[in-house]
Amino acid sequence: MQSKPSEKKWKAGVLGATGVVGQRLVQMLGDHPWFELTEVAASERSSGKTYAEAVRWHLDSPVPESARGLIVKGLDPSLDCDFMLSALDSSVAGPAEEDFARAGYPVVSNSRNHRMDPDVPLLIPEVNAAHLDAIPLQQKNRGYDTGFIVTNPNCSTAGLVLVLKPLADAFGLEKIFVVTLQAISGAGYPGVPAMDIQGNVVPFISGEEEKMELEPQKLLGKWDGSRFVDAGLGLSAHCNRVPVVVGHLECVSVGLKKIASLEEVREALRSFEVDAELASLPTALRNPVVVLDDESRPQPRRDANAGNGMAAVVGRVRECPLLDVKLTLLSHNLVRGAAGTALLNAELLAARGFLNRRAAVQNQSVAEPVSR
Amino acid sequence: MQSKPSEKKWKAGVLGATGVVGQRLVQMLGDHPWFELTEVAASERSSGKTYAEAVRWHLDSPVPESARGLIVKGLDPSLDCDFMLSALDSSVAGPAEEDFARAGYPVVSNSRNHRMDPDVPLLIPEVNAAHLDAIPLQQKNRGYDTGFIVTNPNCSTAGLVLVLKPLADAFGLEKIFVVTLQAISGAGYPGVPAMDIQGNVVPFISGEEEKMELEPQKLLGKWDGSRFVDAGLGLSAHCNRVPVVVGHLECVSVGLKKIASLEEVREALRSFEVDAELASLPTALRNPVVVLDDESRPQPRRDANAGNGMAAVVGRVRECPLLDVKLTLLSHNLVRGAAGTALLNAELLAARGFLNRRAAVQNQSVAEPVSR
Amino acid sequence: MQSKPSEKKWKAGVLGATGVVGQRLVQMLGDHPWFELTEVAASERSSGKTYAEAVRWHLDSPVPESARGLIVKGLDPSLDCDFMLSALDSSVAGPAEEDFARAGYPVVSNSRNHRMDPDVPLLIPEVNAAHLDAIPLQQKNRGYDTGFIVTNPNCSTAGLVLVLKPLADAFGLEKIFVVTLQAISGAGYPGVPAMDIQGNVVPFISGEEEKMELEPQKLLGKWDGSRFVDAGLGLSAHCNRVPVVVGHLECVSVGLKKIASLEEVREALRSFEVDAELASLPTALRNPVVVLDDESRPQPRRDANAGNGMAAVVGRVRECPLLDVKLTLLSHNLVRGAAGTALLNAELLAARGFLNRRAAVQNQSVAEPVSR
Amino acid sequence: MQSKPSEKKWKAGVLGATGVVGQRLVQMLGDHPWFELTEVAASERSSGKTYAEAVRWHLDSPVPESARGLIVKGLDPSLDCDFMLSALDSSVAGPAEEDFARAGYPVVSNSRNHRMDPDVPLLIPEVNAAHLDAIPLQQKNRGYDTGFIVTNPNCSTAGLVLVLKPLADAFGLEKIFVVTLQAISGAGYPGVPAMDIQGNVVPFISGEEEKMELEPQKLLGKWDGSRFVDAGLGLSAHCNRVPVVVGHLECVSVGLKKIASLEEVREALRSFEVDAELASLPTALRNPVVVLDDESRPQPRRDANAGNGMAAVVGRVRECPLLDVKLTLLSHNLVRGAAGTALLNAELLAARGFLNRRAAVQNQSVAEPVSR
């Protein structure tokens, strides 16, 4: 299906491999056509434990055979990898990811720490692949050699921006009002106590509204050669936790720059198609936005796995008395909202040759640990 | 506490007494200081069954002793009551409530059928008690004698408007965005199948968004002596069903006419107090809006019973990047959103003498059934 | 993998195709190596609707393409099929399945109506394949030609008996205590109202305890050439509904005839392996009982899909102070407990030639509808 | 209603006051007719915080006014109390409760640490009030002066034994098979992660089966003047966690010594009545076992609050094919299973004069802290 750019698989390592997002990365790498999982690392040393011993596995498929026996390493940037996928907790991700980048590793991160750095791409390939142009400046600014940091957005932002992108392209965006109903898996493990969420809603997720009001500005904005220019949207977010395992649902009202009929809006969403470069990436969907007709959809339990969890599923496109259009969207918070987009980012980097320099260096000499 | 306006209790009947809202009415009438439950009626004849036999009781307190032995009657307007509380299903409420009004009964209805009638008050006592002035015109228009119809709003509208009222008074309202997370009990029984809502969200409730965008206009508008004048608000609603038993949560952004600080908004809500007439009603709260400081509240399971279910509980008052203020509110959908407000409406009618004429007529002669 | 006994696929029809179990059958037939779905039928006529129009689909995979356009037929036994899979509601299954059998169709039923008939096999291939020997007598008794009825057990019985079988073989069984915690999907759709089961347990499922105390006697008993001889077990069941979507969990205490260590019991379960004939069936697992070591497993949400839903998953094998062994087991109520076992039954019938005679007749002439 | 044995209220302190059970104790002491809450203490020092500041309150009623301002103390046995109610975590309860007893405080504990001590009563007043006779020997053995320790059983044992007691009295008990479906609140806070229990069952609760197989032996046994003699029951327990907030449901099969009809069993349960001494205790119910006729009850969400949470609710009394009788029972795990029984134990101790000696000493001198 997808043509792999080279014969050899790139060696991938996962930082924060035992957490909820790290597990997804490990699972998705289990039979990846381009990447081979060679290292797993975690912030708390697991003193020589194998991954199978160290992880409390939450997925209903078994731990991939290729991962079971890997020894869980610490966060020393001396791993046998061509690049790192990071699902580190934000309490440690900041300096750890910098250490790896400085040591020469491309770091494809799901953590929030570097998302808003002025020289770090906040990337959804279908939305702003051109932001990768910032990497050389990042390397220059920071004195990185082959390493760099690329991030993906917050789990509730990813689905939103994927749906906003075709609307921005077709009609221009002015204002967005969004209320999220977010799944418990978004809080990791142990995460939300059952006593708090059983038959309940918690109308607060620390830091989430701030992220949702900030990150889309960068994602939908432009890289002008020296800096990221915000999209200049009016954006208001309310974030809630609901008793759902997987799938963030979002109620969105959108104000457009150009007048559009509901059918034009639906058509813009339905016909959103990635270009040939992206379509060739193993994790990509050709049409990453799915529009449902049933007025009671999308629903988290029924639709979160659409497109292997990589689709944003939209329903109930209708008029908004205040802005222009109301719609409901859903995306898989652990796949499209975390591990899947991180992996897609890595695939895009691979396709564009950003992982090769590190791989080339690796072939010449064993990486030397850098001291912090 | 409350001074009952007369010695004798008014005789109350409940139409639709076996449903989820009807049960609440029966429960709340169980030890009511002013009203005595004398009749229960339901659309499907229960052929001489007692209420205890006919009802599938959903509350965790027992069926009130005074109700257990009452024979469930049909919808013939020949019941031994001074007034009717109606929790009829909307499929039958329309003509049935008219029949009772025509037969001389004040009908205090929770059903949606007559809410938007141009001569029927849509009433929340704390919000628009003056709308009762429409009753004489209604009686004249329709040829009703002592009977009339008064309604209360949809369950998700009630809490919203109660919170909007003090903001309208203090600052004026322009625009309201609201997204609801509504409890399953709002759909009655059997209502929502567990297969649809278990660990899930259903982003659609038939007719609900339309009601929420319409009813507040009437509630917050004025009776000008001959007709109801809409409040002229910009109002956009998204409605969702969530796996919660009781308590509708609403994420609201509000645009005000007058600039106000967050602290002024909080204070306007906190200090909202009903007048002496309302405060004397048995079911009334002096301060029907409760403001919580904990940033993770209100929560349905923890806060729905605040003020015996008659309070609207507000939290997270904060700035909105699009409009002026964001807040989260919660109200008990079966009490404040249905049975409690209906009962409060009946109490206000009692206090103002609207139930006496029927009672007087009743003392003279047994009510004659009217033929439809 | 499995060698298909013939080149041509058998034509399968599903009776009750729009229900929760019927949908699973349709899904599992979507890409079946031996069977081709040619007809769907339902008790309530859907007047010419296609399956895609008529069904309220509950699965998270889409309706199979091969089924979407099929016209939903009524229950007339004149369908273009080699055999029928029946997921009819028990209110209609009794005579309808007989009609089809009389008209020459092998009927592989999930309904309870004929399970305990003295000449109808109640079949789990891994447990009592020899019971198929009753088919000729059934045909003779009832005057059926190529048709017959074979049934699979109740959803909570299937998993239990699959686990009891290796224990019966190795140690002999005397007494079984079982308490079930059953998923809501077992009640079909709309099935259990959310108001009844949200954050709750319902300790009663109509008829379930009776089935669980009766069906294992037949399943673990013998066909002696003329009748089924019960297993003569002491068996006590308590059945509960819990708020879980899929997967029936069962707490079981077992009294054995022969003394066995816990390790011997675990080993008997782990090493339970089907014979070559069964192993060649497309839906069969070679080891249909999976034993987990984690003391907090099996769990419905995490383990129901083990072995594509065809495994019985066992955990917590430990001593019982009253009988000999306690254990916890889980099985997928819609797959192993319904559609999957029905399909496996059909596959066994195919492998043994029971579906060929009908197919042969079909080739000669179009089936004539029989009048009831 | 209840005659308080003395004019003055006893001063009560709560150890472990911020936990889930401690909060219930604080709530129930809020308006207790005999006891006044004078001190709250917790294992982790809250450095001078008030109770309102220190507690994360889980109940839907507000923190009692009398408790809000109390300063949270550490576990030094120098508190201004006549007796201590302990809801300490078992990791600290062992020595802490001994310290308080040694310092002269009667300690009424909900913790498991001392339940099986050979000289400590494990008490449910309705079941084994005579076990209080062990206190003098305990004091003598341990060199306690006015202090002593009395415990109540594990939350799932309490309801079971309350139901077994009338059966033991009327018919004698031989064997009990019990499977629990326990609420998440039984695990405290944060307790069970939502990721583990959302739409799931966890068939394991650490140590619970052992407690349930051991504690009833002591509770239903006798104090022979020098030691507790076990009841000698055959008892097998399976324990499960289910996604329910409050209320432990138990499926029980009972083998009786004497043959009894189902109606005799129901009648023995229904007519179970406490004696006059117990009936005079504020928290006691005259009939602590409630028998429901509805075959789908008891249910946790609907019945846990029966008798203010102090009743054991029984339903589905029916024949057991293996033992004699099957039934389902429910009790409120935080009230009957913890705080309520602890409070009832304290009331019984008060009524019998066990709290007076400490109170008398207190009046003479301020308690001296003991050094451990």
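The chains carry the letters A, B, C and D, assigned in the order they are written, with residues numbered from 1 in each.
The definition used in the following text is that a residue touches a chain if its C-beta (ideal position, glycine included) is under 8 Å from a C-beta of that chain, and two chains touch if they have at least 3 such contacts.
Computed from a prediction, not measured in an experiment: that's the story for all the values here.
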Check your understanding: Taking contacts as defined above, which has more of them, C-D or B-C?
Key -> C-D
Practice item. Farthest from chain A by Cα centre, which chain is it? Let me know. Key: D
**Study point:** Rounded Å distance, chain C centre to chain D centre (Cα mean)
**Key:** 45
Point to revise | Rounded Å distance between chain B and chain D, as computed from the means of their C-alpha atoms | key: 41
**Study point:** Between chain B and chain C, centroid-to-centroid distance (C-alpha), Å
**Key:** 49
Revision key, fill the gap. Touching at least 2 other chains, the residues of chain C are 58, 198-199, 243-245, 301-302
Study note, to complete from the structure: Contacts from chain C onto chain B in the complex sit at residues 20, 58, 184-185, 189-199, 243-245
Practice item. Using the touch rule from the top, collect the residues of chain B that touch chain A in their complex. Key: 175, 177, 179, 181, 198-204, 213, 234-236, 238, 240, 242-245, 249, 251, 253, 295-302, 315-316, 320-323, 326, 328
Revision key, fill the gap. In the complex, the residues of chain C that touch chain A are 58, 60, 198-199, 245, 301-305
